[in-house]
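The two complexes that follow have chain A in common; it is paired with chain B in the first and with chain C in the second.
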Partner chain A sequence: MRTLADTGTTTRLVRARQVGGLWRLFRKAPLIPAVILLAVVISAVFARFLAPEAPTFGNLSDAFIPPAWVEGGSSAHLLGTDSLGRDVYSRIVYGARVSLIVSIFAIFIAGSIGTVMGLASGYFGGRVDGVIMRLVDIALALPTILMALVLVAVLQPGVATVIIVIGCLNWANYARQIRGEVLSVKERDFVILARSIGSSPARIMSRHILPNVFNTIIVLATLQVGSVILLEATLSFLGLGVPPPEPSWGQMVAEGRGFIVVAWWMALFPGVAIMLTVLSMNLMGDWLRDLLDPRLRQI
Partner chain B sequence: MTTAAGNQQPLLDVQHVRKYFPVNKGVLFRRPVGYIKAVDDVAFSIAPGETFGLVGESGCGKSTLAKLILLLEPLTDGEITFEGQAVTRLSGDPLRKYRGTVGAVLQDPFSSLSPRMRVREIVGDPLTVTTDTPKRQIDERVAEVLDQVGLNPASASNYPHEFSGGQRQRIAIARALSAFPRLVILDEPVSALDASIRAQIINLLKALQQDLGLSYLLIAHDLGTVRFLSDQVGVMYLGQLVEKSTSRQVFTNPLHPYTRALLSAALPVRPDVQREEVVISGEVPSPLDPPSGCRFFPRCPAAMPICETVQPLLAPAEDGHEVACHLYPTSVPQGTTAAGSRGGG
Partner chain C sequence: MRRYILARFVQALVSMFALSLIVFFLARLTGDPRDVLLGDDYSQEQWDKMGELWSLDEPIYVQYAIFLRNASTGNFGESIFWKEPAVEMLARRIPATVQLTITALSLSVIIAIPMGVLSAVKRDTWIDYAGKTIAMLGQSVPAFWLGIILIWVFAVSWSLLPTSGRDGPLHYVLPSVTLGWFTVAGIMRITRSAMLDVLDSEYIKLARVKGVPENVVIWNHALRNAAIPVVTFLGLILGNFLTGFVVVETIFSWPGVGLLAIRGIQSNDFAIIQTVVMFGGLLFITINFLVDIFYGYLDPRIRYE
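Let's turn to the complex of A and B:
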């Protein structure tokens, strides 16, 4: 009897500890950033249902209506309207779509290029390493925004161009980080054993090394989202990003800049959206890094 | 164990193998300023079903030799033949077959299994790479070898971190066996394991050898393991074999002063019994600049004047027992005056 009861207690304790372990994993997850990011994702996906008006619909007689809680505001336009009478709130909701699409695809491109370069550089070493690392040095030495401006000016402006340009400018960080990881992973015995049976370099890199550096790629990608959104906003602000009337947060800030004295809400709210999203993404990235890469903890 | 007859064709034959690593200096124009002679003229052979044990201090070139046989590093000079074929000149299908015929088990079972692969993928990998076996047959083979090494075949879908150190080494052994090897290179297979697990793994290796007719190249610094598993033993010092004979002869009647010191340094079975102690002083000299003559002379308790200038040859001293030491007249190269080669030992 006694033993049975004891066993029962132990089982409960073990279970509690397991649940506790799972809880501990997520306990440190930043709640507010998570909620904000979730809201951004939901806005992007369900913009059609969340926005009261189409982002490009404007009625000039409704121009410069202030936010609802300010004197003269209307409950029909929660965050007011812009110079063309378009609903600022609706445009921010739709703008989340651009930010999300651009960051996901641009990071995918940058991550893919960077990972391949980093794997090749770290695995082959020697001359390959030398060439790739000099390319990385060059890429990191280029002023990103200036280069982006030049490239976008040469190419057709549009979402695809922005994605490609940002993707091609951000790979160097991945390459450098992945290379470092590969250098340590490739000396481990399982890679040496894979070489001893004559596995091809492609197979060793994809099957043996890549899975062991994947955490790093994920963490880097998360940490990059913030800066990519900022870069997209910057390009749009400078008029070389997403062409109007398609809404983008950076472009909204740019348009609002001219009316900052008469209609401060035009620039303020998209600016706040950028800031909150980037901040949340960075906090999430920090958390994910701590979770996946214990070596970087306490840094 | 069976002591294979000497006239049998050896499975693996290593002849005059050298491996020099260049040491480069210079900022703009890197040029070699010297060579680390990791393996310098080593020869031995392994008969089918036999175990050749290699012993020596760390850094003496044992593991480099293993890497050469696994074709992980190109040879500087010499020849390695496997079943009569020169392996360094293999390419295409014969090379692929050789890679499968030689398995390897390394020291650290935590580093030798990829943490991101399932046991099934790890164990089946040699078969996937060196043969065109269909996936279903690979899975069957994986279950079979897991059973052979004493693991539950159902554990194939688990990840390595779910196993203990001893179980991981069993997985590593299963991996080495999956592609039906004839020779398995065991590079310190038990030195990372607890003493209690060690015996299990050693017995497993011995049982597998008997069941499957495997040959082993055993590299270890633990003399007990080498003595228990090996038929032939080679003692390495600074990239060279200094003594080679049957396991029994090396352990009961060591001829080279270095071997004597090595055996004397091992923990005795009966610590209360008084033994002759041979203590050598100093460190292993740098393989970048090995001593002239006999490489062991600066540390040798029986050094003579000739040792400083003339390099002794590995030659038979008594009934098949080979030793490279001027204490034994056969080691003195021809044309050299044997003066001073007499003397106590």
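Let's turn to the complex of A and C:
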């Protein structure tokens, strides 16, 4: 009796301590980055309701209106207007959509290719492993921006091209990391058991191994969002990404470049949007990594 | 060691081979490569000449062999826009890019290494936090935007520095800062963690016990040993400068290789693009190879991987 009661107390204590631990972790979640990211997501989803004007609507008589708080500014255009009289704030709100769509799809492509390659490489080993790891070495040895140059020169520029370029250039890290995880997971009892009752490799990989490496995939993906947004912005800035008039933050900075003397707000605000989003995403990624998979810290 | 070098060399060759395959097939993916190579405006004579140069009547593997043979002699065809061999145009632009690299890299080393050392020595003080903040910003501020803001502040508003071009020492300041900014963060982080490792070791404690002045312990004993990962990292950064060149040279109209690549894209000049890509790739792969060798030389454990 006494033993049972003791066990009960201990369990409760342990549970309390675990809950306390979780609470401590969540309390450490970076609040400001979370709020900024939420704002970006809301902007992207509800752009139509949040933006006072259509992103491609411009009236030349309204060109170069400065931000509302600057002399000559108008409350109708919070962050001013660009050289074609388009509302900068509206374009930034819609630009969030491009950044999010590109990063979500590109990371999905990169993550899927990388996961399949990593699973196969780690699980089958031997020759399969050798070939896939050589492919990884090659993919990591090719300079991203140069590959993007070639691909864009051949394909038509557009959102889809940017997604394909970024997706196909970033899978190697996933493959390498997941392979390492698979190597240890496949020696665990439940995998050996599954194999001994005759489960197929495909089933073992998808049912037994994949759930155990899922944390790694999520952490890698979150850590990558920031750099993918930056890459998309850079490609669009160079004219290799999203073509006008569709608003993208990088392309807005590029358009503002020529007018920096007369209309500094055209280049300044989209850049701030990129910086805040990437910074927040990196901070959230660090936090999530420490929470889910601290071993990845060396990356 | 010899086996290790050989293995890495083969790997570098395979990467280079893969790059050539990608460039070769991408140009042919969309149909007749002349559609890409000649752009929109060409004569029948140019069309035939190009077909002869690349032997487009031959089977595809023969074409690839010819492509490789031409490539090995640096022949990537003539620029459609400038009517000049692409490789000569590239060669002319290399000095400007190299000079920019040297100034940018020196600048970031001069700033980042002392900052990394101080961050490690004054751990968890405001200096460390300032260092961490700079490192974090370095990863999130887009280089192209920073360059434009620097032009706006220092060249336009205060008229202290030139906006673009390459006519004197002052012209190097803004492009170097923009290109170096991104690397400062990386070098600083590596220096800090390497210093933290070293400062914890026995010989540093011994030096302190012996009564060696703290300054000498940090800047001489510790930094010298922390330099190994930092130097390796510098090699890798050099490879990553490729993206930086394209961006920075575009913003500051710097007459280097990166600007050539962008001009090539804008005028749909595939001869230029494939030349820049093949040479950039060769450089990148060579640097990675040298870094690997250097690393294997420093750390014997890697050789037996």
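The definition used in the following text is that the second predicted complex is superposed on the first by the 270 of 299 C-alpha atoms of A that agree within 3 Å, B and C clash if a C-alpha of one lies under 4 Å from a C-alpha of the other, contacts with A are read in each partner's own complex, and residues count from 1 in each chain.
The working rule: a residue touches a chain if its C-beta (ideal position, glycine included) is under 8 Å from a C-beta of that chain, and two chains touch if they have at least 3 such contacts.
Just so it is clear, the model here is predicted, and its values are computed rather than measured.
A.B. asks: Kindly say whether there is room for both chain B and chain C on chain A in the superposition, answering fit or clash.
C.D. replies: fit
A.B. asks: Figure out whether A:P201 sits in contact with chain B (first) or chain C (second), or with both, or with neither.
C.D. replies: In the superposition, A:P201 touches no partner, neither chain B nor chain C.
A.B. asks: Quick check on the superposed pair: does A:P52 touch chain B, chain C, both, or neither? Answer first, second, both or neither.
C.D. replies: After superposition on chain A, A:P52 lies in contact with neither partner.
A.B. asks: Using the superposition on chain A described above, determine whether A:G130 touches chain B (first), chain C (second), both, or neither.
C.D. replies: Once the two structures are laid over each other on A, A:G130 reaches no partner at all.
A.B. asks: After superposition on the shared chain, which partner residues are touched by A:V152: those of chain B (first), chain C (second), both, or neither?
C.D. replies: Second partner only, chain C.
A.B. asks: Of chain B and chain C, which one touches more residues of chain A?
C.D. replies: C
A.B. asks: First (chain B), second (chain C), both or neither: which does A:L279 touch?
C.D. replies: The answer is second: A:L279 touches chain C but not chain B.
A.B. asks: In the superposed arrangement, does A:D189 touch chain B (first), chain C (second), both or neither?
C.D. replies: First partner only, chain B.
A.B. asks: Of the partners chain B and chain C, which touch A:P211 in the superposed model: first, second, both, neither?
C.D. replies: Touch status of A:P211: first partner only.
A.B. asks: If you take every C-alpha pair with one atom in chain B and one in chain C, what is the shortest distance in Å after superposing?
C.D. replies: Least C-alpha distance after superposition: 7 Å.
A.B. asks: Return the residues of chain A at which the contacts from chain B and from chain C coincide.
C.D. replies: Correct list for chain A: none, the interfaces share no residue.
A.B. asks: Would you tell me which residues of chain A are touching chain C in their complex?
C.D. replies: Where chain A meets chain C, its residues are 134, 137-138, 141-147, 149-154, 226-227, 230, 233-234, 237-240, 250, 253-254, 256-257, 260-261, 264, 267-268, 270-271, 274-275, 278-279, 282-283.
A.B. asks: If we count contacts the way the header does, which residues on chain B are in touch with chain A in the complex?
C.D. replies: Of all residues in chain B, those touching chain A are 70-72, 95-96, 99-100, 102, 104, 106-108, 111-117, 121-122, 125-126, 129-130, 175, 179.
A.B. asks: Spell out the residues on chain A that touch chain B in their complex, using ranges where they run on.
C.D. replies: Residues 188-190, 192-199, 203, 207-208, 211-212, 214.
A.B. asks: Write out the stretch or stretches of chain C touching chain A in their complex.
C.D. replies: Contact set of chain C toward chain A: 11-12, 14-15, 18-19, 22-23, 26-27, 29-30, 36, 136-137, 139-145, 148-149, 151-152, 156, 239, 242-243, 246-247, 250-251, 261-262, 264-266, 268, 270, 273-274, 276-277, 280-281, 284-285, 288.
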